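Below are two complexes that have subunit A in common, paired first with subunit B and then with subunit C.
So, the complex of A and B:
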């Protein structure tokens, strides 16, 4: 070892100490790091993640609902939730700026928004379900005022119902969190809702974004789409005519209509009116209901002795009563009457009694019945609606006349056991199992507590209650050869890529009656429409069959104010049934309460529109063919002489206005229809002025009266609801109001119905 | 201290000293003089090394550039996806508005105002078509198969 100088030794010692300190220092750090990163690494990483990372749920886009033709009935799209971070607002000026700016863009109250800015929170929702165009305005406001750290937009979803109130009680609606609350939205929630995603991003302690960008996302999975058996056009026709009927007949407890495929149970339309708009489900839409609610708004009469506190209390009570009544009205309008409300089916149920008796062999085509106008069962007298009695009748007659004593007699012949057996076999003791929520249970006598009087009442459709869907399902079984099918609304389910993941099959519950019984019943029910109480349900060319019903709501009626339910249930074509329909109008107050006058015309109007659309071929009888409207030939531009000939060949007459040789214009125009023997007005001079005439009152007249009055007034009439030339029908509605000025030759549609008092 | 020596007359001091001989290491002793070629080779190898380093650096830069481009493209894709999503939402909203305007109710009302009427069942004509499936075979030119068949 060399001899070292003192300086060198000192350096060595100093370096050693320095090294030792370094080793010690780094050692401690190393041990600490070892502890933090290795030994307790997971624990601290978790704590850090909890503190620094924030998880935002990404809503899944809800699946689309289609009708059977692929028309969108409900669809979701991205919208935005505007929020603010009040904690990051620096001063009151900034708060004011935010409040005023957002209030203007989002159409809110500025003071309410300002109040939110004063809260000591990191997240305040200002408005939900803001659409893209408004969101863009918010973004512009944010960037113009450099408020990116205070105002933000979260992605959300909104449910659109493009067709408004169409099929609203079937579709249902969703809540604020896009969860189904009623109807199909609720029934198929698990399929439609999808799987939410997640976005993890880094936030500081105040909840704002970190300077560095870190975020990772798990994409949401869109929900499956659902295709229904509902046909938009059929649904529209059902709702349109039902709504008209409710208005014309001033029904106070709503109405419903169902159109169903007789063989498969597929529901093509299910209408309840008044209904609601699922785009705005929390608003009452019925004018009648809103008028009723007005009474709760009226201020109470405050007497002079009432103190201010008492007056205030009165107003509060009124507000509460109004709110309560409004909420009840909302629940009422959401209710699907076709499946959730029970009613006494009345004479429509005679189809079940009759088919049960025929199937059991208790009655047949040769059976006869006598009706003196009443029947006595166990000391109870039951009157026929035709007090004078129908006299001697065969099996066809008792259906045509809807004779109560005859059906009571049939019920007695069947007996309690067999009657109840068929009552059960037709599915009337249990729910149909339709894939909609809220189906009600029926109320009935079982065989154990049914005596002869109960049997008598039930035989003609009183003293028990079923739902409209149960009734039409039973009638479908009668019409389709005896098979009780399960009604359904779902057609198929498709995933996001369009692959069909589920298809609804036809479900036959059981064979209820024989094919022969079914064929006989179809003939008899066709006879009801052609010759009996169901004449108002007649549709030329389509062999409609069915039964009317008028039931008393005894438990809900008061002395001298009986309430009724008017209904009709039928199918077409009667010789080869394809589609069934039921129409129910609850508590009509339009002067006539019978099913034949109130419900049957609605069924006729609906079937007249939908059967050609559904491709059911019309087959006319000679009489029908002679009375159907004629297509008006196009004669504009032709000579007056040839125009006259063409019009005459079409079975129409003509009236020439002017002295010209050529036809300049005609009314009705070519290609439209005019009634047989109608008049076509031909204008032959340029700058012609169409002759104006005043439409007369054409209601409350027979067919011939209407034709004569219309001809005198210079208008043509299209007869709707009856075969032209038939007697007994009375007009009740015209599509152009009396007193309106129209061009001479215009066609006025006039609706007729038979107003015999038949249930 | 007295030395008993002949320093004063130490003639060794005046004797010529042996020169200090520093032994040259053998490898240097035996080393041949460097040739020009070797020098050149060394230079080349150094150039190769530098070139390799530059190439590696270039690769790294290229990789970074690709990553950058990739990130930009991914951002662009995300931005476009967001735009598509927003446009789809706008489309849904506008479709809803349009469907409301062209609802069955509005269509009927507009048609009536224009003097139109629905086609009646009287204006429908039914045509019977052959509903059974049939296959029509085109006449062939013959061909080898037909010729062979013709032999039999």
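So, the complex of A and C:
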């Protein structure tokens, strides 16, 4: 073997190859790296982050809505979203297992779930808002079948309204993503919703978390809680009596009631009936509406001659018509009638005309008015509802009589400019600014386009339309010394730590009338309830003041089918007003459609329950005492003799059944309320059989007639609505229907009203 | 007869003395140090790049690193051992020819065997017992050895077209054709380039080199037109626009780019790659350098490139100082093989050239190929020992 050393040429060529390798290979490599890592680094890093990082939104818990006493009206609870990762399903057997298993637990259609398993995606929501107990069943199913990598549960929130439909039109409801869609939920969305959190985590290419702490967690911030001025009890009373009135009077366009603090503008109750269940807002609840909707389903299909296609079309049209009508019904049941519907206030508005005139000095306590039964203004003849005329009247009389010609005259005396000045000052040209969404604008004549005829009809509350909230706000100003306050439903806002972050202050817009005017108005409106058309609004001991109203819905009425709005707006106690109430029943179809007969008794019933609750002190007259209910003493277990004495001491009488020495049972039971002079049935034998009696028809008779009929039938009567013994009041409703079998001694509530009052 | 016998004995004694002298020389410590440094960094990075993959796929994060470490220890022992052996043994007993023929045989055999795993459309591996290796690894060294031997022995004939071009090209071409048939494009390119470099340094006339270039170009066009490497053509297509099939053929390249780009100047830090979490497919194999870039940044990546540069510079320095042409060509061939493979790997990982499937020396997972590599490093060190003797 030759052992020659490398040649110079070899060296040169080696070095040239080395140079080429270092420049072309390593140099270009270096440039490429520089290009990717520095010049385009951000681009690639961003793309990498996009695929590696997965962001999961963590729902913020929505704030609670409380009533003024801290009772929960709306709250959020944890629910679960069940999802699957279809791309990780290995075979059809597994897909079937998942579809069948989840469908059964979640009450879904197995085929629908199976269809989801066939997608090649990483995340398919199977069901949202799954309750805890059902979620646990899903977890068991997952662990039993080792499906942890395919089925998962995400935490979410669900809105609950523990009291069902209570205050539903005020509270509103939330949508699928817990966003407020109406009412308070919508109004205070930004406070309630909180700040959603997010979890950014690194995922490997198979979608599971990397085993290290690359997670960034931003905690969700719970929404603030909102406390309302709404009082659950007051709200409940308002809804109960309003609902009853709507049923009794067969009102077809719903009704509303508002209870408001006259001095602060705080809304204690705002009821619309029929309403809805915010837990299930997309279901129409009103049976009357549902009956109407049925018509859309039952529309007759065309005669046999029409082709099948046409029939098909008709069916489609019917379905669409039904759906359309259903959606309209939903929108209607969500609407807060108290603020979103305008109506002709009718005679209730005379409070505004009257106080404006008094304040301007156009009329005073000494003024007198003559009513021949009509008045002619600019050639237009206005009749008084009392065709014969009210004759000579003073200021009190015209309110008590609700005399139209007198108020037309007052309006004319004021003139357009001053009338409109007060109309504006009472806030009737603007929204009240209540903190609820959907407040409607009023419709009215401005001073520029108001002639004497328009002025005449506006004077007694016709030919313009305002919202119930505007009306009660104006009446509050009349009652509270003249201040127009802004109504509100928010009391305070509380953050997650419980700190009060916002308190709603009383907001006085302006002084509308003088204190003196206000005081005079209170006196006159009290007289309306005690002596005039508002008698049905009477509440024993509480000095109610107010005004009824019955307005014709002229534009919507047809010949022979007049539509009315019956309303009452008042306050108590009239000598020192604290709470105002408005009740409006739209399109009643009972025998009597007047505000005095339809709305005033509702106001009375509500105020009777809430005024003692709200701590308003009762001052009874002699007559009123006779009508006060008594608490029945508990006498079970005592001797018959001592029982008799105790009952007698309570102002009640007794009826002993059987020959025993001791009282075994009594009816009504101890602690319940019975009317004074009521009879308590005492059973003295061990195996006593309660005596059964049949409830008689107690409607359409006077107080004494009711008492006599009830006594002979063996039931007790609680008189509602009027002073016991006063004449002219006629019963119109009893809470236990005639013909019902009840135990002897049971208490039947009977509602009375004065039917001689017409306006 | 006696004198003849004496002469033979004297020759044998001289040769033995030479050998003894040779074995006594010092090895090139810079080259050795660079090998150890690159191997150590390579092992660390292999562990970092492989543990997530190993964990998710085998439930054992240490699966790859432990096996690779065993081979590394074996390889270092063999490297040092081989460095003591005179490289001239390699030209004895017709070893260059035997190596070449065995390589050809194995390359033929691998084609006859079924693919090692289902789903692979290429045949590159032979498995014996628990080991598997690529005949192309053997072939690379066989070509270096045979060419170094032939060029040193027939250095004078290198300027002739017949020997210097045609004969050597036939030898080289045979290997390349078999590699193309596997198909194993990167190995083909690598072997071909090493062969050409050896011929070039070995003294082929520049005019002949030009002809070679032309033939090479024609050959490439021919291969392309015959469609033998149609699979490589599809790779070519996705080299230009990997996003055209981001979840399919472009996936590996895209994931590599995302990893490299995520590194920035300083990197995410050792062990902090995210792309190794199953995003980069087989992050311990050919694309390990993308994870290196993500974790160590541009600074780290350039340091490693400089490390390879130093190794190559030192290898060439050894080759230039070699006592004879055989040793010189051998050291140079091995060094350039490592250098070329490194450059090609990084160019592939950065999508500068089409993805051909080429591993990174000292870094990529593969026991037998690591041992092969370290043995070759031993050969270079052996040459360095001889040159250090000659210097004295």
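One rule holds in what follows: the second predicted complex is superposed on the first by the 632 of 759 C-alpha atoms of A that agree within 3 Å, B and C clash if a C-alpha of one lies under 4 Å from a C-alpha of the other, contacts with A are read in each partner's own complex, and residues count from 1 in each chain.
Methods note: contacts are C-beta pairs under 8 Å (C-beta built on N, C-alpha and C of every residue); 3 or more make two chains touch, one makes a residue touch a chain.
If you're wondering where the values come from, they're calculated on a predicted model, not measured in any experiment.
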| item | value |
| --- | --- |
| Touching partner for A:669 - first (subunit B), second (subunit C), both, neither | first |
| Touched partner set for A:738, first subunit B, second subunit C, both or neither | neither |
| Subunit B versus subunit C as contact partner of A:290, first or second or both or neither | neither |
| Partner chain in contact with A:376 - subunit B first, subunit C second, else both or neither | neither |
| In the superposition, subunit B vs subunit C on subunit A residues touched | C |
| Partner chain(s) touched by A:612 [first = subunit B, second = subunit C, both, neither] | first |
| Partner chain(s) touched by A:500 [first = subunit B, second = subunit C, both, neither] | neither |
| Subunit B versus subunit C as contact partner of A:30, first or second or both or neither | second |
| Contacting residues of subunit B [partner subunit A, same complex] | 85-86, 88-93, 95-96, 98-100, 103-105, 115, 117-118, 120-124, 126 |
| Residues of subunit C that touch subunit A when the two form their complex | 52, 55-56, 88, 91, 152-153, 155, 197, 200-203, 257-265, 274-275, 277-279, 293, 297-298, 301-302, 305, 308-309, 312-313, 316, 319-320, 322-326, 328-329, 332, 336, 339-340, 342-344, 346-347, 350-352 |
| Residues of subunit A touching subunit B in the complex | 72, 75-79, 131-133, 160-164, 166, 232-233, 236, 240, 540-541, 608-609, 612, 617-618, 628-631, 669, 672-673, 747 |
| Complex interface listing, subunit A residues touching subunit C | 1-7, 9-11, 13-15, 17-18, 21-22, 24-26, 28-30, 32-38, 40-45, 47-49, 51-52, 202, 204-206, 210-211, 214 |
